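These notes open a run of structures that come right after.
Two complexes, one shared chain (chain A), two partners (chain B, chain C).
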Partner chain A sequence: MPVVESTTRRTGGSTPHRAPGRATRPRRRQTSGLPWLLSLPALLLLAGILGYPLVRMVELSFQNMRLRELISGRPAPWVGLDNYTKVLSDTDFWAVVWRTVAFTVVAVIFTVVVGLGIALLMRRVARGVRLFMIVAMMFVWAMPQLVAAQAFRWITDSDFGVVNYVIDKLPGVDYQNHSWFVNPWQGWSVITTLVVWAGIPFIAITLNAGLTQVPKELVEAATVDGASPWQTLRSITLPILKPLLIIVTTLSVIWDFGLFTQNWVLRDGHPEPQYQTLATYSYTQAFGQSRYSLGSAISVITVLLMLGVMAFYIRQMFKIGEVD
Partner chain B sequence: MVATTPGAPAVRTRSRRRVDEGVITVGRSRAATIAANTTGIVFSILMLFPIYWVLNTAFKPADEVLALTPTFWPKHPTFDNFLSAVKAPLFLQDMLNGLIITLLAVAGSLVVGFLAALAIARFKFYGRRGIILVILAVQLVPFIALLIPLFLMLQSVSLTNSLIGVSITYLVLILPYTVWTLRGFISGIPRELDEAALIDGCSRGQVFWRIILPLTGPGLVATSVFGFIQAWNEFIIINTLNSPEKQNLMAWLLQNQTTRGTAWGPLMAGAIITSIPVVIFFLIIQRNIATGLTAGAVKG
Partner chain C sequence: MTNLTSVPGADVVPAPAAKSAGRKPSTKREVNAFTGLAHIGLVFWALVTAGPLIWVVLASFKTNTEIFLGKPFALPQSFSFQTYVDAWSEAHVGRYFFNSVFVVLLSTAGTMLLGSMAAYVLARYRFFGNRFIYYLFVSGLAFPTFMALGPLFYILKNMGLLGTYTGLILVYIAYSLPFTVFFLAAFFKTLPYEIEEAATVDGASHTRKFFQIMMPMARSGLVSITIFNIVGQWNQYLLPVVVISGPGSDQKLLLTQGIAQISVSAGYHAQWSTLFAALTLSILPMIVVYAIFQRQIQAGLTAGAVK
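Here is the complex of A and B:
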C-alpha cells in the first residue's frame, strides 16, 4: 500500500497545474490542496487547544510559575532543571509512581482476565442469559464515571453503606461503622473494584464480538481430535483473539494509569498521600498549592512514562489494518 | 453485536440457536451448562447491584436512606429526593450550562471533524498518514496533564469562567474521536457509488451532498451521540476552569458532595437525572452502530 501511495503521489505531484485527468480518474491523482484545506480547521483547533498547551507544559516545567506570576502576569523565571531535580529526588513522588504502576498492573490484569472470562462465558450460556449479561453490562458501561464513583462512595459509606451491612451479617464479623479507607489496602481494593467493574463491559463485549470471528470448524476439529477445552483456548481461540486483546489491554493500561476520577471522588476531593496517583498528585500540586511548574514537571514525566505504551498501541492499530 | 434489533425474524433466531446448542453440547455436560448459566446470571446481578442501589436510595424518604438496617426496597417510595435535587441551588442553571456547552462542542466538532474525516477517508495525499498518526496519538494524551497550561492559556485570553472557553475545549476533546469514527463510516461507503455518480455527471460537490452526507447519516448520529456523552460526562476541566454558576451537572454532583456532605438521597436522585440522557443515548447508538451501514447499497 505505501508503495502505491508514493508513486501516485509522485506522478500527481509532477503535474500540479494540470487539472484534466480529474474527470476520468477521480481520486487517484488528487493532489490539489483540497484534502489539506478540509483538514485545516481540525488541525488548527488541535494545534491551538492541544498542541500549544503541550509545548507550554514542557516550557512551564523549566520555569517557576507560582501564584505571584499568575496574578501579576509577569513572565515566570526560568529555573532550568530545578523542578525535575526536586520532583525526582522526592520520596513522596516515587511512592506515587510505584503506587500508580502497581494499581495499573493489578487493575488491568483483573479487568482483562475477568473480561475475557466473561466473553468466553457468553459463548456458552443460553440465549436469554447472554441477553441479560449484555443488558447488565450496557447499563454499567453507560454509567458516567463520576456517578459510578458516587455510587461506590455511598455503598461503602461507613455508617449507612450497604456493603458494611451485608458483611456484618456474616457470622462472627463486626463491620458496623467500618471505614474502608483507613487501611489503604482496603481503600485501594474498593477503588480497584470500581475500576474493574466499570472496565469489564468494554472488554467483555469487544472480545465477545471478536470471539464470533473464531471459526467454529476449527474449534470442532480440535475437540474431535481430543484437545481439552484449555488447549483449544490456548492454541486456537487466543491466537485469533490476540490483536484485539493487545488493543484492549493497552487501552486499559493508558486509562488506568491516568486514574483520577475514582480516587478523587472516593476520597472526597482531597486524596490523602496514600491515595494519590500521578494524575491527582500533579493536579494537587498545581491547583491545590499553586505550584504550576512543579505540577507540569510531574505531568511531563507521566506522559513520558506512558509514551511507550501509546506508541505500542498506535503501532498495533496500523498493524491490524484499522488504518488503511 | 447486540441482540437488541427488534423484530428480528424468528425463523433465523431458531435456526441459529440450534447451531449454537450443537457447539455447546460437544464434549460438554449438562452440569457444565447449568454452571455456566448460573455464573452468567450471578455475574449480571453483581454488575447491576450498584445501579440498583442508586435507584433504591433515590426513591427512599430521608429516614429510610439513613436507616441502620438498609431495606432492599423503598417502603414508602417518594419523589422528594428528585424534587430537592432539582430545587437545589444551581442545579437547573448548571443543567442548562451543560446542555449549551455540550451542544456547541458536538456541533462544532461534527462540522470540523467531518471535513477532516472526508479528507482522510476519500483522498490520497501527502501527509495523510501523518494526520492519522496525530489523530490517533492525541486521543491518548491524558487531558488532565494539559490542564495546567490550558488553564493558564485560557486565563490569559479571559476565557476561563466562560461557557465559550469550555465549549472550545470540549470540542477539541471529542474531535479526534469524531474524526476517527467518521473516517470509518465514510470509508464504509463504497467508492463505486462516488464513481458512478461522477460518471453520471455529478459534480464533486453533488457527490458530497447527495451520496456521502446522506449515507453517513447513521454515522453522524452515532458520532454526535458519543461526543455528547463525552462532553456531558466531563467535570474535571470545567470544575477547574469555571466557578459553580458556570459549570455543568457533573461538576454540580461533585460540588454537592464536598460542601453538603452526606445528603445521599438527593445526591443519588441528582446522579440519576444526570445519567438519564447519557444512558438513553448510549443504549440507542449501541444498536445504531451494530446495523450494517451501506451493505446493500451497491446491489441497489
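Here is the complex of A and C:
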C-alpha cells in the first residue's frame, strides 16, 4: 500500500483523494508509546536532577539538618515550620529580599530598555556597522560571567583600576585609591553596570532578530499617514515584538533574581551583609554555616516569592511557546 | 557618510516621493540626521561594550610590573606569549581547558539529542499527557540555578556521582533541557507538515523521519540553540563548584574553576598576567564558535521566537 502511494506521488499523480486520509493517519498511528519513549530520557533526567532535589529541598526545609546529621547519616529531626518562622522573622532576611528585588527591578529595566534601544538603532545603521555591533556584543555574551566579574573587579580596583585612573584624569577630581565598595550605593552601581552590560547583548541580538519580522509596509503606511516615530514604535513595532519582549523580560527577571556570581566575585567570595542577595545568602547559610535546612527554607521562600510576582508573565511565556 | 544610502529604509523612499513630492524630502532628511547620530552612538556603545575585553587582552600580554604601572591602556612593551605559556602549563589552565571542552561537548550533545527528541514529539504528536509533560519541562525555566544546590549535592553524593564528569554532564543536561525544549518545541511547530506527511506515506519510520527530515529542516533552530547551550554550559561556575568537589577533584577542575583558583591564590603577589591570559583563553573558543555559526544564530532566533 505505501509503495503504491509513493509511486503515484513520484509520478506526480493527483493528490486530492488522499487529503482526508492525510489529516488523520499520522495522528492515529502516533498514539502508540513512541512519544513517551522519545521524551522519557529527558523526563527522567529532569525528574532526577531538577525534580527530586526540589522535593528534597522542600522536605529539608521542614527538618533540622546540621553538619552532625550530614556526617553521621542519621535522619534529621523534623521541626515543622521552625525554619520558616526563623527566616521570616529575621530582619536580615527581609533586608536581603528588598535588596534583591530592588536590584532586579533596576537591572531588568535598564537591560531591556537599553537592549531594545540598541536593537532599534541597529535597524537604522549600515550593514557593516550592524555587523560590527553584533560581533562586539557576541564577545560580551560569550564571556563567562565569572570572567566578566573578574574583569570588572580589576577595572574598579582601588589601586590599579582603570575607572579610577580615568576619573582621576578629570580636572579637579581626586579619585586615586578610591574604593568603590565602601559605599553600598556605589558598589551596587558597579554590580548593576556589570549585570546590565553583560545582559544587553542577548536581548539586543534577540530583539534585533525579531525586528526584522516587522513588516516594512506597515511602518511605511504609518509614516505616510503622518504618524510620528514614537507613534509608529508604540502602535506597530512594540505590539509585534510583544511575545519576544515578554520572553526576554521574564528570562532577565529569573536570571537577575538569582544573582550570584557577580556580587560573589566582586566581593571576593565573602560578600558583606550589604552585598548579599537571596542566592548568596542562602548559599552562605547552607554551606558556609552548615545550616542546610535554613538555606533550603530560604530557597523555597525565594522561589515562592518569584513565582508569586512572575506568575502572570510566566503564564504568558508558556502560552507563547504553544503556537498553533 | 556614503554608507547612509544603504540604510534599509532609505531605498524605499524614492518611489512614494515621486507621488507626494511635498512631504517626502523632509522625512528623509530627518531619518538621515537621526541615522548619523545613531552611528556615532552605536560606535561609542560598541567601544564601551568591547572596552573591558580589550583591556583584558592587553593586560594578558603585560608583565606584573606593567599592570601595576598605572597606564591601563598603554600597549605592552613586548608582545610575548610567555604569559600564555605560563598559564597553560604552570597554572594548569591547559588541563582545565580540555576538561571544560570535554564536559561541554558531551553535555551539549546530550542536551541536543534528548531535548530535540522531546521537543519533537511534544510539538508534532498529539498524545495523552502531552500538555502535562510540556508544562513540566517549561516550568523548569522558572527555577533559578542556585536554589536546589544543597539537595543536588546530596543526591549526587548518594549516587556516587559527586566529583565525576558523569554527574556534572547529567546536571548540565538537566539544567539546559527546559529552555532547549521550550525553544525547540516552538521551532518544530513552525515547520511545514506536508513533507513529513509525504514521508509517512512513503513508509518512512519515525526514527528516519526524525533524523532525515525533521532534523535537517530544523537546522537553523538546532544550531542556534546548540550555541546557546554551549555558551551557557561553558560559562557555568556554580554547578561545577558544587559537583566537582571532594577528594581527588584537583585534576578535574573546569576552566572557570581554574580561573577562580588563580585569582584567589594570586593576591597581590603572584602573576596577575597569568590570570588575564587564562581569561582570554576562556573567551577564545566561544568567539570561534560564534564566528562560524553567526548566520545560523540569527536565522534560528528569528524563526523560532517570532511567528
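Rule of thumb we're sticking to: the second predicted complex is superposed on the first by the 283 of 324 C-alpha atoms of A that agree within 3 Å, B and C clash if a C-alpha of one lies under 4 Å from a C-alpha of the other, contacts with A are read in each partner's own complex, and residues count from 1 in each chain.
Rule of thumb we're sticking to: a residue touches a chain if its C-beta (ideal position, glycine included) is under 8 Å from a C-beta of that chain, and two chains touch if they have at least 3 such contacts.
Keep in mind it's a predicted model, so treat the numbers as computed, not measured.
Visitor: With both structures lined up on chain A, is it a clash or a fit for chain B and chain C?
Guide: clash
Visitor: So in the superposed three-chain picture, is A:243 touching just chain B, just chain C, both, or none of them (first/second/both/neither)?
Guide: second
Visitor: For A:132, select first, second, both or neither according to whether it touches chain B, chain C, the two together, or no partner.
Guide: A:132: touches chain B and chain C.
Visitor: Return first, second, both or neither, reflecting whether A:175 touches chain B, chain C, both chains, or no partner chain.
Guide: Touch status of A:175: no partner.
Visitor: I'd like to know which partner A:142 touches here: chain B for first, chain C for second, both or neither.
Guide: In the superposition, A:142 contacts both chain B and chain C.
Visitor: Where does A:310 make contact in the superposed view: on chain B (first), on chain C (second), on both, or on neither?
Guide: Once the two structures are laid over each other on A, A:310 reaches both partners.
Visitor: Between chain B and chain C, whom does A:157 touch in the aligned arrangement: first, second, both, or neither?
Guide: first
Visitor: What part of chain A is shared between its chain B contacts and its chain C contacts?
Guide: 5, 9, 26-27, 30-31, 34-36, 38-39, 41-43, 45-46, 48-50, 52-54, 56-57, 60, 118, 121-122, 124-127, 129, 132-148, 150-152, 154-155, 159-160, 162, 165, 197, 200-201, 205, 209, 216, 219-220, 223, 254, 258, 260-261, 265, 269, 279, 282-283, 286-287, 292, 295-296, 299, 302-303, 306, 310, 314, 317, 323-324
Visitor: So in the complex, which bits of chain A are touching chain B?
Guide: Chain A reaches chain B through residues 5, 8-9, 13, 23, 26-28, 30-31, 34-36, 38-39, 41-43, 45-46, 48-50, 52-54, 56-57, 60, 65, 70, 73, 118, 121-122, 124-127, 129-148, 150-155, 157, 159-160, 162, 165, 197, 200-201, 205, 209, 216, 219-220, 223, 229, 254, 258, 260-261, 265, 268-269, 279, 282-283, 286-287, 292, 295-296, 299-300, 302-303, 306, 310, 313-314, 317, 323-324.
Visitor: Quick one: which bits of chain A touch chain C in the complex? Just the residue numbers, please.
Guide: 2-3, 5-6, 9, 18, 22, 25-27, 29-31, 34-36, 38-39, 41-43, 45-46, 48-50, 52-54, 56-57, 60, 118, 121-129, 132-148, 150-152, 154-155, 159-162, 165, 197, 200-201, 205-206, 209-210, 212-213, 216, 219-220, 223-224, 240, 243-244, 247, 251, 254-255, 257-258, 260-261, 265, 269, 279, 282-283, 286-287, 292, 295-296, 299, 302-303, 306-307, 310, 314, 317-318, 320-324
Visitor: Quick check: in the complex, which residue numbers of chain C touch chain A?
Guide: 3-4, 6-9, 12, 16, 20, 27, 31, 34-35, 38-39, 41-43, 45-46, 48-50, 52-53, 55-56, 59, 67-68, 70, 72-73, 114-115, 117-118, 120-122, 125-130, 133-138, 140-152, 154-155, 170-171, 173-175, 177-178, 181-182, 185-186, 189-190, 196-198, 200-203, 206, 231, 234-238, 256, 259-260, 263-264, 275, 279, 282-283, 286-287, 289-290, 294, 297-298, 301-302, 305-307
Visitor: Would you pull the chain B residues touching chain A in the complex into a rising list?
Guide: Residues 1-3, 13, 17, 20, 23-24, 26-28, 32-33, 36-37, 39-41, 43-45, 47-48, 50-51, 53-54, 57, 65-70, 112-113, 115-116, 118-120, 122-129, 131-134, 136-138, 140-142, 144-153, 155-156, 168-169, 171-172, 175-176, 179, 187, 191, 194-195, 198, 232-233, 235-236, 240, 250, 253-254, 257-258, 262, 264, 267-268, 271, 274-275, 278-279, 282-283, 286 of chain B touch chain A in their complex.
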